[in-house]
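Both complexes shown next keep subunit A, but they swap its partner, so subunit B is in the first and subunit C is in the second.
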Partner chain A sequence: MIQLTQETKSGWCVVGVSGRADSEAADELEGALRAALELHAKVAANLAALEYISSAGLRAVIQAARAAQAKNAEFAVCSLSAAVQRVFDMSGMHHIMRIHGELPC
Partner chain B sequence: MWHNQAILTETEFVLQGRLGELERLTAETAKFCREHSLGDEMEFDLNLVLEELFTNSVRHGGCAGMENAVLVRLQLLDHAVLVEFADRGTPFDPLTAPVPNIEATLEERGVGGLGVHLVRQIMRDLEYRRADGWNRLTMQRPC
Partner chain C sequence: MLSMLEEVVLLAVDEKNGHLRSTREFGTAYALVGALFFDLALARKNDTDTETVHVIDTTPTGNATLDRILVEMARRAEITTVRDWIEELFLRRQDLEGEGLASLIERGVLRHEVSKLLWIIDVERFPMIDKKRQQHVKLRLAQTILSDDIPETRDIMLVSIAEPCGLLGYVLSSSELENRKPRIDMLCNLETISRTVSAAILNLDTSLRQSMTKVV
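So, the complex of A and B:
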């Protein structure tokens, strides 16, 4: 189960992601990030309450980063838990995108 | 009556060939880890490895819609958890699958192979064999 929220703060659209980003939830995650990118020039994914991520969830984040790049939008991935950070590290996500310790806003 | 007090160090479960089974996979893994006081990191890793293998079997390995498609066995050894993942799908050796370039940039990065890459990062002593119509992968996650 994944829970997604959205709020606007100091010019950023913050998508809050909590729960589990697994194969079943990946499409929902990608959809929410893409929808935010459609409407906003600056989107931050707040992963502070994300407990679990698999390659399917990583793929959703990668696809969102691609969508951001295509439309020249800013996309920030923020506040990873230690467990999620480990999966990002093993996957070399830092070669693809900037990972932020805290929200940019 | 001593035999009744033997500690069960092994668990086994069967999964149907549909992604909805992920929930049960997660629950079974959590139960095994709880029963053996294995900690959050072990639970996370076992869950991740099993999800990656199961999702591959269902999405790309011909297990979609198959009854009793996958058999998972978890066994606690002295210094590791032994995992056996078996499926009745098409023959596939994940150990010979192409390795993704994880240093690639966003433009160059392919989307395939990341799941198997994670399995190989986390697990040790991986062995694959095909026997009696089953793909059988055994591996260990050190404690």
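So, the complex of A and C:
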């Protein structure tokens, strides 16, 4: 299960992601991030409470970053748990998107 | 839309004469198994994490090759890692390249011709009926590699399977490939499946070199 929240802070739209980002949740995650990008120029995905991310979940985040690039919006992922950080590190996600230790706002 | 397996096999066909460029080497066989896993992921039938692969939906896709593998994966629940599945399918592989070619013929992309070499040896060729399909795959590969934009999921997968098959040299010049090597490596590293395929090929190469050294 995945839980998604949204709040605005200092010009950033922060999408809070908690639970599991797997194939079952990937569409919902990508949809939430894309919807935020439709309305805001700066979007941060707060992954502090994300316990698990699979390849399908990673693809969802990559495609959200792609959508941000296409509309020149700022997109960042933040506050990764150790388990999720390991997955991002193995995949070299820092090459294609901004990864912050803390929220940028 | 062509499957990942069909797209990779189509890339291996020489557009001028219909000959297969692939030599059916072990590296290609591993990469084609990887293409199957990507096709199953795109059909939302499996999912992977850094090590394991899970079947998430066993309903048939309608593609005979994919459905055969899907049934096998559902039956063999004791095999859980991407690495073990790739090795298992590699060892018990059927002619995935042949299945890809048959499917492309059925779709009207290629036709099959057999001629005789020295009146004895059968020589197979697969001339293109629809050249646009291969041109489209090549164009996507070139754009994905030469651009700095974040690619679509399918295009990331395509690069990461075409690379270990040695097929990128038929799409871009050697200087372009050299210049864009960091980009290609980055794309190949994004997916667990392609990382595992590359590791399997590297292991096999090392084993072959070691056995050759022992023989010498």
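The rule is short, and it goes like this: the second predicted complex is superposed on the first by the 105 of 105 C-alpha atoms of A that agree within 3 Å, B and C clash if a C-alpha of one lies under 4 Å from a C-alpha of the other, contacts with A are read in each partner's own complex, and residues count from 1 in each chain.
Simple rule for what comes next: a residue touches a chain if its C-beta (ideal position, glycine included) is under 8 Å from a C-beta of that chain, and two chains touch if they have at least 3 such contacts.
No experiment lies behind these values; they were computed from the predicted model shown.
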| item | value |
| --- | --- |
| Combined model on subunit A: subunit C and subunit B, fit or clash | clash |
| Which of subunit B and subunit C A:Y52 touches, first, second, both or neither | both |
| Partner chain in contact with A:S23 - subunit B first, subunit C second, else both or neither | both |
| Touching partner for A:I62 - first (subunit B), second (subunit C), both, neither | both |
| Which superposed partner A:L33 touches (first subunit B, second subunit C, both, neither) | neither |
| Residues of subunit A that lie at the interface with subunit B and also at the interface with subunit C | 22-24, 52, 54-56, 58-59, 62-63, 65-66, 69, 87, 90-92, 95-97 |
| Touching residues (chain side subunit B, partner subunit A) in the complex | 19-20, 22-23, 26, 40-41, 44, 47-48, 51-52, 55, 59, 102-106, 109, 111, 114-115, 117-118, 121-122 |
| Of subunit A, residues touching subunit B in the complex | 20, 22-24, 52, 54-56, 58-59, 62-63, 65-66, 69, 83, 87, 90-92, 95-97 |
| Interface residues, subunit A side, partner subunit C - complex | 22-24, 52-56, 58-59, 62-63, 65-66, 69, 86-87, 90-93, 95-97 |
| Interfacial residue positions of subunit C with respect to subunit A in the complex | 41, 44, 47-50, 56, 149-153, 156, 186, 189-193, 195 |
